[in-house]
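Got some structures for you, see below.
In the two complexes below, subunit A is the common chain; its partner is subunit B in one and subunit C in the other.
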Partner chain A sequence: MTAELDPRPEALPQRVWDSVQRDQLPPVDDRDRMRLVMNNLVLHIHPSKVSKPTLRFTYTWGLGGLSLLLIAILAGTGVLLMFAYTPSPDQAYSDMLALQSTVWYGQLLRNLHHWSGNLLVVVTFLHLLRVFFTGGFRTPREFNWVLGVAMLLLVVAANFTGYLLPWDQLAYWAVTVGSSLMSYVPLVGEPLRNFLLGGPEVSGATLTNFYGLHVAIIPLTLLGIASFHIWRVRKDTLSIPHNVDGSLPEPNTKVTTVPHLVSREFVFALVMTGLILMWSVWVNAPLEEAANPDHSPNPAKAAWYFMGLQELLLHFHPTFGAIVIPVLALVALALIPYQRFDLSAEGIWFRSRRGRQMAVVAVIAGLVLTPALVLLDEYWLDLPELLPSLPTIIANGWVPLAALLLGLLGFYEIMRRAFRATACETRQSLFILLVVGFVVLTVIGVAFRGEGMALMWPWEVLS
Partner chain B sequence: MSADVSRRGFLKLAWGAAGAVALAEAGGVAYMFLSPRTVEGEFGGIFTAGAVDSFPPGSVTPFTAGRFYLVREDDGGFVALYRKCTHLGCAVPWEPAEGRFVCPCHASAFERDGSVVNAPAPRPLDRFTVTIADGTVLVDTGRPIQRDHATDADLVYA
Partner chain C sequence: MWKKAIVAVLVLTIAAAVVVAVIDNLPSASAADQPVAEATAVPTATGNRFGAGGQAAGQAAGQHGQDNQGSGAAVQQELNQSVDNVGEAWSAAVTVAELGDVGMHVTLEDGTPLYIELGPSFFWQEQGTLEPGDIVTVDGFYNGDQYHAASITKADGTLLALRSETGQPLWSGGASNAGGAQHGDQANGGTGEVQVAPEDWVTLDATVLTVNRNGLTIESADGETLALSFGKASFWQEQAVQFAAGDAVTIQGFWQDGQFQTGQVTKVATGERILLRDPNGRPLWGGPGRQGGNGGQGGHSAPVTG
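Moving on to the complex of A and B:
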């Protein structure tokens, strides 16, 4: 009886390493490269081969990957910050001061967390725009678009709950204003707001609630949906970029994910990490004086991503500004992929040559009309005064909403006829008009609203 | 037993209903566990404002801890106004020079009795129940009372 021995027994460290990384490194042929992706826990979020044209940076702009990178930075810095922070009204603000003065790298980690969080709102929004303008939501990817919209809301919720944690004046009043928007929802709004805040006002109970949401509930939900989202992308693959004449920019061949995709992702992640790090070294996250529930600052502004909404509130009855219009917009946004779509437009930036011309017109229209309407309502038009017999909810709600919807319908018809455009192209121009309108409202709210929320120039707002 | 319910269908329904009840129970437990708790003696309790005579007619007295203003109208009637703006929840300061409450957030303004003189606030300032016992004014901050119009019926007399 002879025991069969390994002919060349390897040293223990080598055997341990081989048990961890079971495939040979570096891979020598495409078969090895594909196996590497399939057998690796992290890499297998990718398929083993990808379509070569989809690797073009100017098609995806790396925005989905960048969102993931930011989430990783947020998780890492966030967990560290948890060790230096107590969510209580007595302690929170002094912990923030300690972070900035005595905790090693406290300021840097807070800056990284703050800026990455804000950047994530921008990047997920840009990701949504990219997918919209290249028709990347088409069958079978409709539901992944809906998941994306859900994640955009979660990202905003994560930012909003995190906004309160420093417990300074900015935090306290932004959350007071933001959560008061909710109480305008008929019937359930007020109980829901009280439940979320743990009482009628922002208090210690609110801080406890928001902390739990911010560090556990929202991140875990986001992680779950993001996994589902990425899994679907892997199953459905990316849409293939096309030139505006419908031709392929290059032959649609498949290349191995390692190294073609992974190396690009790695370089992009490194560059972005470097930029975020540099920004966070130089620019400190804001911190005002400690929260004072007795004194609202003037002006009290919501977080910047809610300023579009707050601007709407200055022009509409609160039920409309805070609820009806945002809900309509969100439902419309989520249902976009279920609209009919020209299959020939998939993968072409802005649908077609005509779609591009219409896009330019829509951008200009949005840039001109939105400030014009804001100025009109601010200085000349007073609907409740013009219609004194009607309650304000009609005079300042239904009436301007109906006018707005009629205006959008008119825009749609004019664009469709003037350009002899398809429904798909016309819908895109309507989407652009609304997005530009929303961005302009946000900019007006952030930069052009000063004391008493009066309109003024940005340099007057700052002074 | 009716013939159109099969054994399989019945069991499916029974299990489904049991599952739904279990989920609803878990949801109820979570909801009640997370519901706000009120603390005695803090905002939300009854405040002793002071003697009736210490508030001259036409005065507005802020109570910071109670988050209300005790207003005494010219005719001697009392009303306690919740200082939270009915628009978006900012703390509304009393501006003695203007004789009004002016919200710093969105420029809502209220008369001394709480009625709106300047939108966007959708309704008058909420009020708290005032009771007068033995010449002392008591304010119950437990429940803000919403109202569509400020009326003289809101006033309480000694």
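Moving on to the complex of A and C:
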């Protein structure tokens, strides 16, 4: 019997390292680089080679990756925060004070978590816009778009449930106002709200419910859908960016993911982490006085990402403002990729040169028309008074919605004819008009509503 | 095809709304034909403060007052010609003729009889007394069927508060009983649930130590210092009772979860009072959204004002 030589290295540390990292580092050739991606759990979310044009930063702006980075920061800081927090009305607020004053880096930790959470809402929304404007949802990626919409809603839900946890006045009343929107859902709204809140109003049971949702149920769901989403991106490959004339910005050659893509992602993640860290060092997350159910602030506003909805409620009957319009908008959003799409526009920002011109017009229209309609309704048009014989749900719900839909159809026809545009380009301009309208409503709600939700002029806001 | 059908529905909706608006806002032929009632007999409109929300509140209150219109009905019919809009605010100096369970018969300065709905008598009787022959100033609104009092000021300055400025009955527990405040600028608060049993109300005699935006800090007769938070600041501040350090006050309220919930505060020297909660302990500053028709949101949660 002859002894067979053990092929492993002589040195024990090297043996240990080789058992962890099987591939050679650094890789010496493309074959090594591709193997590194394929054999690595994290890097495997990428293909081993990517099309060179897709590396262009201004095509994706790194928004999908930034969302993942923010989720990672949120998970890390969230777990640490759990060590210093008790979800009880008696304890929660004092825990926040202790976190900010006695826990080492507690304030920074909370700031990081707070600002990352808010930024995630913005970034996922921008990611959705990016995918829309570059036609990234075209076949076979339709369902991945729907998953993206679902994740945006989950991110908002995560943010909303986290909003309550500090148990301060801001949290208590924002959640009170936000959850009350649910009551407008016919039949199931009130029971659903009571189920979510653990009773008819925000209380200790609500805190327990929201905590469970915030730290377990929503993150796990988000993780599951995000994994599926990324897997689909990987399977469907990235859409290739094109210049506005349809040409490729550079030769469509494939390069290895390591280092071309990974190095870019790494630098971008470092820069963004640095920026978030700096912001969190300088700007503290808000914490008001302890929650007082008997003293509502005036005005009592929902969280900022619900202010567009709250503003809608000021102009429409609640059933329409809180239910019909948002549901219509969400359904329309989910169905976008199932509309006919001009395949030649894929990968071109705003579809075409004409599409870009139309986008500018739509933005201007949204910026002008939305405040104009708000002012019209605020100061001149009082539909329930004008139509006293009709039920309010008709006079202040169906009638203004019908007028709005007619206006949107009119806008669609005018844009199509004025620009002799394709349906794809015209739909894009309509989408832009609605998005700008929603953003303007949110800004009005956040910045231009004062006591009693009265509309304030800019000079009143500044004074 | 279905696109055209949708457009047709939308166009028809707008066309129908325009027709209804024209019909609804045509001046009444009968009103145009009849002479305007004696101007001096008409309560003075003081502005459209109550709006359509007042209608809803009026309807709620009307349940109490339907059978008490009596001779006032004829006068109301006459007054219809001079009060253009339902829910229009008005005020008048009147002499109390007869008190009922939910309202009172009065005479205007020129002798015209009128019936005014006051809501349940237990509520206003807690605030003061009314006797036949009293000369009082009534602030309220007219909703097309009936006159409703929002507040009654007696000759000695005593104020009986019956409704909020949006027309919401103060006895009804805030949002849970209001149909909507068209111009309701009350923000939030109010809960539809009973907060306290009648026997749990307590009365404190106290001295004001400090006045702040949220309420008062007081020292009770037994030397205890309490910081009282009065809920929505604008709600109690609009009741225009000025407190100052050193004022003797009587406070009615109840203890809940270790906190004292203030129901009303009376300034001993002047008898002025602010009302914060109804007899069930429910905050009075709660209110529904402006669109009406969906009252009863209650809780601390009415999100929309306008």
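Just so it is clear, the second predicted complex is superposed on the first by the 453 of 463 C-alpha atoms of A that agree within 3 Å, B and C clash if a C-alpha of one lies under 4 Å from a C-alpha of the other, contacts with A are read in each partner's own complex, and residues count from 1 in each chain.
The definition used in the following text is that a residue touches a chain if its C-beta (ideal position, glycine included) is under 8 Å from a C-beta of that chain, and two chains touch if they have at least 3 such contacts.
Since we're looking at a predicted model, the values are computed, not measured.
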>> With both complexes overlaid on chain A, does A:Ala300 touch subunit B (first), subunit C (second), both or neither?
In response: both
> Is A:Trp457 touching the first partner subunit B, the second partner subunit C, both, or neither of them?
Replying inline: neither
> Is A:Thr392 contacted by the first partner subunit B, the second partner subunit C, both or neither?
Replying inline: both
> Per the overlay, which chain contacts more subunit A residues, subunit B or subunit C?
Replying inline: C
> With the two structures laid over each other on chain A, which partner does A:Phe195 touch: subunit B (first), subunit C (second), both, or neither?
Replying inline: first
> So, A:Trp231: does it touch subunit B (first), subunit C (second), both, or neither?
Replying inline: neither
>> Just checking: does A:Ala205 make contact with subunit B only, subunit C only, both, or neither of them? Give me first, second, both or neither.
In response: first
> Given the touch rule stated above, what does A:Trp17 touch, subunit B (first), subunit C (second), both, or neither?
Replying inline: neither
>> Based on the A-chain superposition described above, do subunit B and subunit C contact any of the same residues on subunit A, and if so which?
In response: 173, 176-177, 179-181, 183, 200-201, 293-300, 313-314, 317-318, 384, 392, 396, 452-454
> What part of subunit A is in contact with subunit C in the complex they form?
Replying inline: 173, 176-181, 183-184, 200-202, 292-300, 302, 310, 313-314, 316-319, 321, 382, 384-393, 395-399, 402-403, 405-406, 409, 451-454
> What does subunit B use to touch subunit A in their complex?
Replying inline: 31, 34-38, 43-44, 64, 67, 84, 87-93, 103-107, 119-120, 122, 144
> What does subunit A use to touch subunit B in their complex?
Replying inline: 173, 176-177, 179-181, 183, 194-195, 197-201, 205, 209, 293-300, 313-314, 317-318, 384, 392, 396, 452-454
>> Taking the touch rule as given, give the residues of subunit C at its contact with subunit A in the complex, in rising order.
In response: 7, 9-11, 13-14, 17, 20-21, 23-25, 51-52, 86, 180, 182, 185-189, 191-193, 214, 229-234, 259, 261, 283, 285, 289-294, 297-306
